[in-house]
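Data block below; observations after.
For reference, chains read A, B, C and D in written order, and residue numbers begin at 1 within each chain.
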C-alpha cells in the first residue's frame, strides 16, 4: 500500500523522475508475485475464492520458508470483471510492480485481453480455469481443462449411458461456442444426434423461448455450458416447465460445488457435472487442502475445480523456480515442463504445451450441493489444445 | 483564474504533457496515453452535448466503430496470408466475411476509422433530427443503439469474436507494435491528435457554426423561423462527435491492444458523459481535463479501495448534477468578476486561442 | 381590399384542428404588400394559430396559404422563413446563451447553410448594420452581455431587433409590447410604423393603447374566423365586437372601451 | 414453426410483456408527469426482488402474503426518499435527472452487492406455483403453461387494472391527469403538485417493487437485474407514448410478442438486437409513440 501511495504522488505532481522506481523484483529477501482476479463485479463471486486459494498456497509456502529462501510478497489487483481492466492491471503488475509471475484470470475474454501484455513484457501467467483450447502462448501456463479434458469425456460418458440425442445449451461467448463446435463434430462422428443448439446472452435470465425449443426438439440429454446466474434461471424455468433430472438430465461444465450452493441444491439434485476435481475426491492431498482452506475461510466453504487448480498453480510455480534456480519467467517456463506432483486433483504432470496431464471425473449432484463421483477417465488425459477432428492440422508449436 | 494565469497554465500543462515520456514510468506513460486517447471522445461530447444540447448516451457506438475498424485491419495483418483470423476458425467460419475483406488494406482501414463513425453518426442523427426527436428521447434511442450494437457484437462471434473482442495485434502499416520505443511514439502521436482535435474544434466553435449550435440548443424554433435548418446543424455536430469518438476508439484500441464489446457499452458511454459533466460540458478544456483526471483517479482509487469506488462514482454523479451543473470549469468561471463580461474559460471559443 | 393593388400574403379558407377543436375555421385574409395590419381578438380566437399556420409551424387540414402568389402550405419552416417571412413570438424568443450582438448576427446572416456558417466571415457592412440596429433597440451598451441577463422588456426589444435584422418582407409580430412600459410601447409603435411601407407588417396585440398608436386597419378574429374589419374607432363603437370581448349583452358594454377587456 | 411451438412462443411473449409492463408502468407515470428520466428505476425492481428474498427467508414457503406488501411499501418508501432528496431538485432538467439517477443506480447496485453478494440470491416459488397446465391431445398436444408464468401474467393484469381504476375513477387520478395536461393550471386550481409528484413517484417505485416479486419467481435476484430491464422498459415508455398507461400496456405487448417471435426464429442475442433496431425504425414512423399524449406542455419537452 505504501508503495502505491508514493507512486501515486509521483505521478500527479510530475516531480520525481526515475528516483522512486528502485522498488524492483527482489528487495530484502522477498519476491513479488501478482494475483489478478475480479474482486468486484459479476465475476467476483467465482474469482474471489480462486484468489483465496492462491493466497492459501502462498501463505503455506511462506510459512514453510518461502521459495529459494525468499518470502513471497503478493501484489493483489482487481480485474473488476472488466476485460480491458485485466489488461491494464496486468501491465501495471509487470511493468510497475515488476512481479515475476501472475496468478489470475477466469473468463476467456480476460485471458485474451492479458495475453498480448504478457507476450510484450515477457511475463508469465498461470491460468486456472477450464477453457476452449485453441491457444498456446509461451507466456501462459494453462492448468484448467482443455476441451479434451472436460467436454469430450462428458460426451463419451453421456453416450456410454445411452443418451444419443443431445441438445447443446450455452451462454453466448467463446467457450460454449467452441466447446459446442467440437462436440458437434464428435456427435456426428459417433453417429449420435444433435437435437438442437441454443445460446443465451451472458447473464441472460429469460429461458422461455429456449425451453420451447427444447420441448420441440425432444432431446434425451442437455449439455449445458451456461455461465453464472443464467444457470439459476434456466434450472428454475426448466423445472417450472415440468422437467427433472430423471425426465431430461443436464450435464454441466460450469457448475461446481460453489455454484451448486448458490443455485440451490434442490434444483440441481440428480444433475451431472464434469471436472478434473471435485471437493469429494478422497486423495490425502485433497483432504489436507480442503481442511486448510476451510480452516481459513469458513468450515462450510465450498471448494471447486478452478480453486484447486489455482492452489496447485502456486506449488507448480515454486517447483519450477526451484528446478530452474531462477525467478526469471522464461527460465521458469522452460523448467516447468515435465514437472509432476501429487495435488488435490491427484497426480498431474505439466506437458510441453504448458497444460496439465490430468484425470477427468463425472459427478452427480446430491442433496448437500456436493457431487458424488460416478465416472472417471481411464488414467490421466493428455491435454490437446487443438481438437484433431475439428481443427485438423493445427497444433501448438 | 485571470487572463494572464490561464495561458501560462496552458503552456505549462502542454509542456509537461509533451515531456512526459522523459519522467514518467513506463506504466504511468501507457496510462496517461490511454486516458488522453479517451479524452478525444470527450471533445466530441462537449460539442454535441455542451454546445448542441444533445445528450447522446451512445458515443460508445462510434467509439467502437473506430476501434473495430482499426482492430479488424490489425487482426488481418497479424494473420498469416491465406488463413482466417483465429477466432473465425474456432467458430467454424470458413470464408472471410465480406465486410472484412477490404480491411486487409491498411490505408482503407485507416480511412474507415474516420469515415465509418462519422457516417454512422450522421445517419443516426438524420433519422432522429429529421423527425424532430429531441431531449431525453435521443438519450434513450442512442442508448438503445449502442446496446443493439454490443448485443450484435456479442451474438455474432464468428464475425466479431464476440465478448472476447479482437486482440493480439503485431504490426500497423509495417510498424512493430511491440517494438522498443513504440509506447513513447504512440504517446506522442496521441498527444498530437488530441492537440489537433482541440485546436480545430475550438476554431470550429468560434465560427458562425458554433454560434448557431448554441443558438439551436437554446431556442431551436427561433433559429428555424429565422430561416435556418436546425436539423442540418445538429446532424453536422453529431457527425463531428462521431468522428472524434471514432478517432478516440482507434487510438484507445492501439494503446490497449484490444477492443471488446465490454469497452464500448452503455456503462462506458454514460461514464464518458459524466466525466465531461464533471469537467464542464461547455468547456473543451474542462471536458478533456475532467475525463483525464477522472480516469486517472479511477485507476488509482479503484485498485486501492475497489468497493468504495462505485459509491464514490455514484455520489459524484449526483453531486455534479445537483451542485455543479456547469462542472469545474463553470465553477472557475463563476468566480470571475461579473461585468463587463468577456469571453471566459467557460466559453469554448476562447480557451485555446493563442 | 386596400388601396395597394398587389397582394403579398393570401390566406384562403384555412381550417386548423387540434384534436377536433377547430382553432381556425375556413379563415381567409389577404395582406397587401407594404401594408401594416393589426389583428385583435379575445383569447382563443386563433390569432397565434394563424401566425403559426403562415410560418408552417401548424399545418391546416384544409385551405391554402399563398405568398407572392405561390402556395407555401407544404414548405418546411426554414424555407418559408427564407422567403422573407419572419415572426416574433409571444414569449421573447431570444437566444439565451449568446450575446446580444451574436443574437443580431444570427438573424442578420444572409446565407443559412452549414457550409457557409463555417466559411463566411462577418463583413464590414454587416458589422455596421448591427451597430445601427443596436442603437435602434437601445442595447448598444449591453451588446456583449448574454441575452439571458436582459430584462424582459429588453428581450422583447432584442427580438424585434432580430426580426428587423433578418430584413424580412413580411413581419409577423405576436404581442411585441408585452411586458413593456408605456414609454417603450410608444417607441415600439413608432418603430413599427416606420417599418411599414418598405416591409409588410402584421401585428397581434391586446393592448388597445398600442393598437391606437399604430393607427392601422384592424381585423377582429373570433372563434377562428374573421369577425369584422375596420379602423379602431369604428370597431370601438361596434356592439358585436364588445360582446365577443366581454361575453355580455350588447347594451351593457357600450360605455367601456375595448382596451379594458384585456385578460 | 409448428403450431405447438408457435403458441408456446405467443405465451412466452405474453409472459415477457407482463414483466416489461410492470417495470415500465412506474416509468411511464413519472416520465409522463414530471419528465423525469429515472435510470434507477430498474433498481426498484431489484430491491423488490431482494425484499421478496428476505420475506421468503423470514416466513418460509408461504411468503407471498408478506412479500407483496413488503416489496410495495419498501420500494415506494425508497422512491419517496429519492424524490424528496434528489429528483425534486431537478425538475425541468430531464437530462440531468438521467445522470443523477444513473449515479443512484450505481450506489444501489453496489450496496446490494455488498449486502447480498454479486451472485443472485435464489427465491423458491411457493409449492402451489410448482407445476404447469399441460394440454393433452388435439393439435396443441403437450403445450405447457407453467403456473409461475400464469401468475406473473395475472399479476400484470391486476396491476394494470388497478392503475386504470386509480387514474380514471379516483380523485387522485383526476389530479394526476390534470397535472399531466397542464401543471400550472392544475396547481392554480388547488392541486398540490409537489405532493402529487412525490406520491406518483413512490407509486411507480412500488409497482416496480411488485414486478420484483414476479421476477424473483423466475430468476435469481442479483445486483444487475435492474440494469438488464431498464433499457427495454424505457423503450416500452417511448413506443407507448410518453405518459400513457394504456400505451405502455400496448407497447409492452408489442415488444413482448416481437421478442418472442424473433427468438423463435433466431438466437436470443440477435432477437434483442433486432428488437432495438425495430424500435428505432418504429419511432421514425410514429415519433410520439403508439398513443401520443396531446398536450402543449409536451411541445417544449
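In this section, contacts are C-beta pairs under 8 Å (C-beta built on N, C-alpha and C of every residue); 3 or more make two chains touch, one makes a residue touch a chain.
These figures come from a predicted structure and were not determined experimentally.
Considering the contact criterion stated above, the chains in touch with chain A and with chain D alike are B.
Averaging Cα atoms per chain gives one point for each, and the point farthest from that of chain C is the centre of A.
Among the chains in view, B has its Cα centre nearest the centre of the complete protein Cα set. Each chain gets a centre from the mean of its Cα atoms; for chain B and chain C, those two points are 44 Å apart. Separating the centre of chain A from that of chain C, both taken as means of CA atoms, is a distance of 75 Å. Rounded to whole angstrom, the centroid-to-centroid distance between chain C and chain D, based on C-alpha atoms, equals 47 Å.
Centre to centre, using the average C-alpha position, chain A and chain B are separated by 35 Å.
Counting partner chains per residue, chain B has residues 151, 154-155, 307, 310 touching two or more of them. Residue positions of chain C in touch with at least two other chains are not found. Counting partners per residue, chain D has 267-269, 272 as the residues that reach two or more other chains. Chains touching one another, given as pairs, are A-B, A-D, B-C, B-D. Contacts from chain A toward chain B in the complex involve residues 1, 4, 7-8, 10-12, 14, 17-18, 21, 39-40, 77-78, 80, 82-84, 87-89, 91-92, 95-96, 107-109, 112-113, 115-117, 119-120, 132, 134-135, 172-174, 177-178, 181, 199, 201-202, 391, 394. Only residues 55, 57, 127, 131-137, 139-141, 143-145, 147-149, 151-152, 154-156, 266, 270, 273-274, 277, 307, 310-311, 313-318, 320-322, 325 of chain B touch chain D when the two sit together in their complex. Contact residues on chain B toward chain C in their complex (touch as defined above): 204, 207-209, 211-212, 214-215, 217-219, 221-230, 232-233, 236, 339-342.
By the touch rule above, chain A contacts chain D in their complex via residues 40-42, 44-45, 172, 198-201, 203-206, 208-210, 212-213, 215-216, 228-229, 232-233, 236-237, 239-242, 262-264, 266-267. For chain D in complex with chain B, the residues that touch the partner chain are 31, 35, 37, 86, 89-90, 93-100, 102-107, 109-111, 114, 231, 234-235, 238, 267-270, 272-273, 276-277, 279-280, 283-284, 287, 301.
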